[in-house]
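After the structure tokens below, expect a handful of questions from me.
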Amino acid sequence: MNFITSCCRITEKNCLINGRIVAHKIEDSPESWFKQLYKHLALEYPKFYKMDMLSQAGFLASEYLKKEYPEFINSYADDEIALLFANQESSADTDIRFKDSYRDHKSPSPSLFVYTLPNIVLGELAIRNKLYGENMFAVLPKFAPDFFLQYGNILLSTGSKALMAGWLGVLDGKVEVSVFLVERDKDNRMPFSEENMIKCFSDQA
Amino acid sequence: MTFIGAEEIVGPLGQNIQENFMAVRENRTGITLANHAGFNNEDINLAKITSLEVKNKFEYLLVDVLDKISRKIDASFISSPKTIIVVSSTKGDLDRDISNPFEPSVRALTERFELKNQPLVVSNACISGVLAINAASNLIRAGAYDHAVVIGCDVISDFVLFGFQSLFAVSALPCRPFDKSRNGITLGEGCSAVVISNNKEIFETAPLELMPGTSANDANHISGPSRTGEGLYRTIKRTLEQNHISAQDIDFISAHGTATVFNDEMEAIAFDRMDMADIPLNSLKGYFGHTLGAAGIMETAVSMQMMRHDLLIKSLGYSESGTSKNLNITTENKSSGLNTILKTASGFGGCNASLVIRKL
Amino acid sequence: MDSLKEDLKKQIIEQLNLEDLQVSDIDDNSLLFSAEGVGLDSIDALELIVLMEKFYGIQVTNPDEGKDAFLTINTMADYIEKKRNQ
């Protein structure tokens, strides 16, 4: 059986781990919300600042999950954790910025272009955690627990032993991030089901 | 067992698989010089479908190819509740709606063909096509569906061309995969589809066997490939191991071969690490250009045709080895029994994927 | 020349998203692409080419040309001066 062993939700105002608010946006700060979260995590990872919003969102959620559950990554071989993510708008947040970068004959920005694919966040997670396993980024009309359940279970029965999965809705200030860890045979939390995925995120702000 | 067949292609070399394979067989390229296409108005080599000037090109191609597929297999399978459509694309209909690049076309496809299940869009850089085939195969093997049509599609846009130009990754001349003088990609566009099923009987022309494939990340850099080819090596190794196949069982490799200096070098290192340096190998990007989200499907479709005709196809654009490990790159068409082939793909984000197809 | 170097440092920090760096952190002779220096990577190198065009009107048509020119702040400033005087 597969179990959700941790979940992280980030909205425009809050960051929650397993239903508990761990960070709240400081409105009158000069720093952006994601930068506040990065500082709150007290990490030393300057690559963060080069990431686009979608990659920062995935990175922050995964780091909060790791903080809550530090043994997770090292409990598995380097190819046993699969990455399964989705959203509705693909890399649109960065696509719009990239398109803007070459308006009116300005030179297109290479550092923006490399983020104009939604799966780059998987690359950032893989680099940070040295993960050599399965990857997939899908684009769906809305958060689809049935997709994560169906495909997540498939990954867990074809070689992967754990998942870092979730929805990364990031576009023009909107933040709808729901990331969860799923593990086989870890009978200490919620069974991996559609209902529990929704529960993970619905009673939260 | 999972079957793959009914392959189809619409692109610069033709409107169907027969036209496309005939062109490839005759070593004709779909790459031509497009005037003033570049960021500085320079002429750029592209593999464009020049005959197609429609609004919403992306949607048009998806519908056209699925329509062609519906004439190859019983059309009722497409609208069956046991069928899923998987779409593989990097940018979708970007120019139509940058914030919503897939939904309008996917909805049009759903309505037109009365699809019973929400199509799955796989958007995972240049491995999307191989990854989408693997996903369809996994879903069918798990019993979630009986059939899948996997459609890969991407169209050329200023957005993508200018982006690759900003990386200095676009070749001035038609691309030369694995060649010593290679210096970048040639962008292409097109739409291709394959049908995957647990039932051999739905195919008009006998299908081939699709073995379950895998993906693996380099965990190294988001846009540069791993110097040791780690991710590609791992996906090939895993795909072979889980299917109990050894490197020696592979008759032909359809490589990714984008013709950038770094990508082709990385692939050579990975294939060499797998002791596959002697296996006949080609890149098809000299014919079709780099079709991004369509590449994995299109190149698998051509490889299937190669198997059906037992014909190795020349790796167009190659004449002298330009990688630190030499590969056995096909320099001319040659008849050869092709029973088991390996298809690989690599992409931005450090991703890599592979699959194996075998004759029944 | 000094104000050029100072401007360059500010532009690099901003264009390349080097958030935690101040102008005073970048030594004129620091190797820009070394891990012990400023630690820039291959994408940063391409952004420097965009920077050359955006702030100095200099077109670098071949990224290899950039390799020598972009070793340190000093070499960059020399490169800009040379191109300006052409």
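In order of appearance the chains are A, B and C, and numbering begins at 1 in each one.
Throughout what follows, contacts are C-beta pairs under 8 Å (C-beta built on N, C-alpha and C of every residue); 3 or more make two chains touch, one makes a residue touch a chain.
Small disclaimer: the values here were computed from a predicted structure and weren't measured.
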item	value
Of B-C and A-C, pair with higher C-beta contact tally	A-C
Most widely separated chain from chain C, with each centre as the mean of CA atoms	B
Whole-Å gap between the CA centroids of chain A and chain B	27
Distance between chain centroids, defined by C-alpha means - chain A, chain C (Å)	33
Chain centre separation (chain B, chain C; CA means) in Å	39
Overlap residues in chain A, where contacts from two or more other chains coincide	107-110, 114
Multi-partner residues of chain C (each touching 2 or more other chains)	43, 46, 50
Sites on chain B at which at least two other chains make contact	166-167, 221, 223
Residues on chain B engaged by chain C in the complex (per definition of touch)	166-168, 221, 223-224
Chain A-facing residues of chain B, complex	39, 90-92, 94, 98-103, 106, 118, 120-125, 131, 135, 138-139, 142, 144, 159, 162-167, 212, 214-223, 230-231, 234, 238, 242, 347-351
Sites on chain C touched by chain B in the complex	41-43, 46, 50, 62-63
Footprint of chain B on chain A - complex, ascending	78-79, 83, 88-90, 92, 95-96, 98-99, 102, 107-110, 113-120, 122-124, 126-127, 129-141, 144, 147, 150-151, 153-154, 157-159, 171-172
Parts of chain A lying in touch with chain C, wherever the complex brings them together	35, 46, 49-50, 106-111, 114
